[in-house]
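The letters A, B, C, D, E and F name the chains in turn, as written, and every chain counts its residues from 1.
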Amino acid sequence: MTSNGSAAALDSTGREALHHVGTATITTQLLDRGLRNTFLQGPRPLHPQRTRMVGEAFTLRCIPAREDLDVLSVFRDYDHPQRTAIETAPPGSVLVVDARGQTRAASLGHILATRFRQRGGAGIVTDGAVRDLAGFTRLDLPTYAAGASPTTNLAQHHVVDMQLPIGCAEVPVYPGDVIVGDEDGVVCIPRHLAAEVARDAMEQERLEEFVLSRIEEGRPLRGTYPPDQQTLADYHAH
Amino acid sequence: MTSNGSAAALDSTGREALHHVGTATITTQLLDRGLRNTFLQGPRPLHPQRTRMVGEAFTLRCIPAREDLDVLSVFRDYDHPQRTAIETAPPGSVLVVDARGQTRAASLGHILATRFRQRGGAGIVTDGAVRDLAGFTRLDLPTYAAGASPTTNLAQHHVVDMQLPIGCAEVPVYPGDVIVGDEDGVVCIPRHLAAEVARDAMEQERLEEFVLSRIEEGRPLRGTYPPDQQTLADYHAH
Amino acid sequence: MTSNGSAAALDSTGREALHHVGTATITTQLLDRGLRNTFLQGPRPLHPQRTRMVGEAFTLRCIPAREDLDVLSVFRDYDHPQRTAIETAPPGSVLVVDARGQTRAASLGHILATRFRQRGGAGIVTDGAVRDLAGFTRLDLPTYAAGASPTTNLAQHHVVDMQLPIGCAEVPVYPGDVIVGDEDGVVCIPRHLAAEVARDAMEQERLEEFVLSRIEEGRPLRGTYPPDQQTLADYHAH
Amino acid sequence: MTSNGSAAALDSTGREALHHVGTATITTQLLDRGLRNTFLQGPRPLHPQRTRMVGEAFTLRCIPAREDLDVLSVFRDYDHPQRTAIETAPPGSVLVVDARGQTRAASLGHILATRFRQRGGAGIVTDGAVRDLAGFTRLDLPTYAAGASPTTNLAQHHVVDMQLPIGCAEVPVYPGDVIVGDEDGVVCIPRHLAAEVARDAMEQERLEEFVLSRIEEGRPLRGTYPPDQQTLADYHAH
Amino acid sequence: MTSNGSAAALDSTGREALHHVGTATITTQLLDRGLRNTFLQGPRPLHPQRTRMVGEAFTLRCIPAREDLDVLSVFRDYDHPQRTAIETAPPGSVLVVDARGQTRAASLGHILATRFRQRGGAGIVTDGAVRDLAGFTRLDLPTYAAGASPTTNLAQHHVVDMQLPIGCAEVPVYPGDVIVGDEDGVVCIPRHLAAEVARDAMEQERLEEFVLSRIEEGRPLRGTYPPDQQTLADYHAH
Amino acid sequence: MTSNGSAAALDSTGREALHHVGTATITTQLLDRGLRNTFLQGPRPLHPQRTRMVGEAFTLRCIPAREDLDVLSVFRDYDHPQRTAIETAPPGSVLVVDARGQTRAASLGHILATRFRQRGGAGIVTDGAVRDLAGFTRLDLPTYAAGASPTTNLAQHHVVDMQLPIGCAEVPVYPGDVIVGDEDGVVCIPRHLAAEVARDAMEQERLEEFVLSRIEEGRPLRGTYPPDQQTLADYHAH
């Protein structure tokens, strides 16, 4: 399932590249294309050890809860949009939740996250909170959240629909956009740019690793960072 | 056009009642029915003199802008959702904009508001900003906003769809809900409760006016506020 | 009733002085005595025309509401602390409410405020909100609040006790401290300093009015503001 | 010492139960009883490894400091409310500090915390900060704070009284309420509900562990979460 | 005195134009040139009646105060940077103060503002507060501030230098940039763009007034806003 | 290079002392000298294991970026102030960046930090963010930041000058002030006080270690903390 078109956003080379390059490199590539607002400020990786994530966005939208509609009994409905999302998001996708930046109640808990992992989900991002952090820590699924709250989602959130364009942490996320996470957090790459950004980011990062090694040898910034003609020649020769 | 059903949410008596009672009374009626989160904290009336507003919600949703999509040329599209909303919202409706509480750019400007007024719109509410405050001041249309910003909406907002349930100022607003505004701000009455809330609020307010007159005569709270049996008897007799 | 001691904090001269000097002068006098945190940032005067207020603090403390305790029926209790405060605060006092800076629900409404005015109250200050702004506008009682909300207080607040030391807008307020308000907002003068601050503020303000008249005549800051020996001599001679 | 009554809030079974169930389960039990605001948003556990805490609330209230009252010499007073609280809170209690959410200065330091631990304290919660994080890390006492600050408390706080009802992180806390902490943070159980919540939470969690094991086996949400008749039968049979 | 070069940023025609066009128009012109961050979010006009302001920026920078340096006696120094700025800013300039968005103490008071007015200053902008609002109300000088505080500036601010590039309300302001204010607030036009923006804004606004008159006649958005070929022809013919 | 004078702020004894005492002790010493605002609230240590930092402040100031000035090509300028700062700050200095508390883009990245480390820099402090957290984790340089962001600095920041007095996290920092960091965060010691604070803090901490050992033995606060005559005698005798 692809959301912005019929083909995958990335071939396996592109996907592989995005598993290696950092979000720092990706945001620079996007800035170079005129996009300044692609980093989701707020969500942090829950596990310092499981921070690399790549996948296509599957979006879920929450509005504020209403006490007469959002009662515990709605959880009995297996066709509730939240559960439908978990059961229909394609393998390899990243569930991106618009929780309006509200962390008083959780966006979702780790039983749903476990099912999502079982179905092949690539990761979860919310600008709200998750509940049962201990459970998430045991789960092998990259997850990024802006907070933790034990309170079940319907105390503050009403999951209303899925696969519509959303805002998450004040970044626009369209279904099928490519979501990448690492220690710095999460970036959203517009789908049509994913392949070229992956390619150019890979090249940029190779060069920066060379530059870094030179700096670590004690060279000054001048001539090295950014690389001048000589350094570039050395890079291409090494 | 009604959004949550085929009939109007209010008959003329109910609508008249809501033009007279205050939001302070309405929120108490809603609290008495278990609804604690019905006041839109943030939006303030732009004109102290034109603050009474009643109408059914016509919702508009914004997500964050993306620099390559949200360019000045999109305004040339007469079928842009923002313009479509202005041209299709039924007379008597209140345009409620989910701007995610962001006020750096405006949610809309006063030329669109003028057209909305021409078409019989009852008011505008946004949890974001409006631009051209001077223009709004000359316009006979109750408007509630969380701020002012001269910047055109696409610098921060992408109007994505309309007539879906939204959050506005962290209150759930479903299309067709009844929106009431006064000096204290804006309250959202779930559509199915509008008629009974209008009726009971009218009665509550009559009693409170009587109580207030007694307090203004110098009576103590005890026996008067809340009214005891004697005061109630006096009220019914007056 | 005096709270920090048996005598009044101010004689009539001092009280008169504080009705004339501005909070700008008072805070400078307090700063000169080592007190940097005496201005209540947040509460604004509700009426631009009725902003002068002087009185001794009568404190009221709110904690967050609990849904099972804070139900509408508690209002039937005439001995509820909120009502007791309104009925027992001495004439000339300023009701200062610690609402933890929370404005989602009101700290109090205008029927209680009307009773407080009837009993001779000098003003009301809250770091939360008031409800029924229209009612407050008709009431001849200086009131300072950080916001407006139609929602009744028990949706967010539980009035728990009175006449204890509190924080209001992150300033310490002890019962009996002298509270002064003007267009800039509200300042709290520790009770034992009230008389000397009143006297010195009066003198400072007289001098500043002279300085201002000189500046308005076109004189430069040098020699005039602050006044040098010559300007001081002119001041004492005029 | 019990604060809301003469008996303990929990027997040993209940206390044991609360040491095992998560705050995620407890908040659901409280929500089911109509209480939506029981999680203290803000305070985080200082040690990821020492997060389980159960005890009755012993409350301490701070108001903003005043420069002439809150000077270093007050620490010489062994009967200062802060020290009195540390020396009188009963073994097994949790010290809950209302610091108005202010983290610029600490609520307390680790020497006092060490004494509290020596006296059998079960834990510390503040919606402010603690100082000397390194010291806290070496101390075997669950502690939850909203921040860290090296600055001693009297630079911002005046400890004014103890064992009054307070707000902490915008949750009402009455002396004797049962405070539970885990990785998600801290929840406050009203004292009279503690026993039944402990019992029902234990049962809920057993069922959820069974459900989780099924989800981990690859079963879909439908039929499993929430459990349908068949899954419930399997649960009771396993 | 011009700060970014030797010539004035605007001739009299340009200056006149900017006195007539709104900031809403100016920000659109700047957005069209790729500048999205030119509106100073926060500062509001102090007088609804005196909101039009045009002038070149004269910048003043504040850092946080230090108790041993920022004592009342520094005001005795006539060469204090704050006083020097007031006495040296050229006639027609707008004093723009970087107060780091901090409003607990004032950025300046109305005696200094009166002197600035006497010297021909065109206006004052601060992302902090002003003190003595009543005094400012009597002064014929457009002033924009983010708040009011009676507290003198050195309780929170140390005026450190002037005529350096600053941030004000998170907008870059270079000395000599053209600052325009109206009811919506304040916008900063980079100096080298001021003339062309003034010219094009004037033209845009004339067209929008024509469009508005058409909308007020009852025409639909389609064809009118934005104007199509026919409407443009009508505009040029009218 | 020393910034506030010709001599070093600290001799080797003083510097050694500040490597051992905590910021909790230092802030108390500063409070005792009347300085209440010396802790940089916000920046947190990036490595829990590399938190001890002592050095003289080398300041760098950022203003908001402007899209036409802050483009990727400016990085080609080796004399850009950011690079000049990295190449000229003396060994042993701490780079302190005024990023106005803005964390949407990074203040600097780890290639520059690596060069700074190579040149003998003692640490980095920013009230903004850093990018490439993974890189910083591998770098042996104490770094304190208020957040992480992969976005390169010029998307939000324009580095404008260096070695001027700045505010960082609302604390004044003058070039040459002594900056100390530990697990609690960062404190700024005015240069002229550094030597005496170092000496007195060392003494205070020795005493507190003795007091702590007594508390750990089970002694009550009374007589021990603060130490009475007997405890002081024991301390001096041990």
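The rule we apply is simple: a residue touches a chain if its C-beta (ideal position, glycine included) is under 8 Å from a C-beta of that chain, and two chains touch if they have at least 3 such contacts.
Since we're looking at a predicted model, the values are computed, not measured.
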Chain labels contacting chain B and also chain E: C
Label of the chain whose CA centroid is most distant from the centroid of chain F: B
Self-contact between copies chain A and chain F, residue sets same or different by half: different
Intercentroid distance (Cα basis), chain E paired with chain D, Å: 49
Inter-chain centre distance, chain C versus chain E - centres from mean C-alpha coordinates, in Å: 32
Chain C-chain F separation of Cα centroids, rounded to whole Å: 40
Computed distance of Cα centres, chain D from chain C, in Å: 36
Where chain B touches two or more other chains at once, by residue number: 36
Chain contact topology (line, ring, star, complete or other): other
Touch relationships between chains, expressed as pairs: A-B, A-D, A-F, B-C, B-E, C-D, C-E, D-F, E-F
Residue numbers on chain C that touch chain D, as the complex places them: 33-37, 63-69, 100, 102, 158, 160-161, 164-167, 170-172, 190
List of chain F residues in touch with chain A within their complex: 72, 75-76, 78, 83, 86-87, 103-104, 106, 109-112, 114-115, 118, 131-135, 137, 147-152, 155
Residue ranges of chain C in contact with chain E within the complex: 22-24, 26-28, 31-32, 36, 38-39, 41, 44, 182-185, 187, 208, 211-212, 215-216, 218, 220-223, 225-226
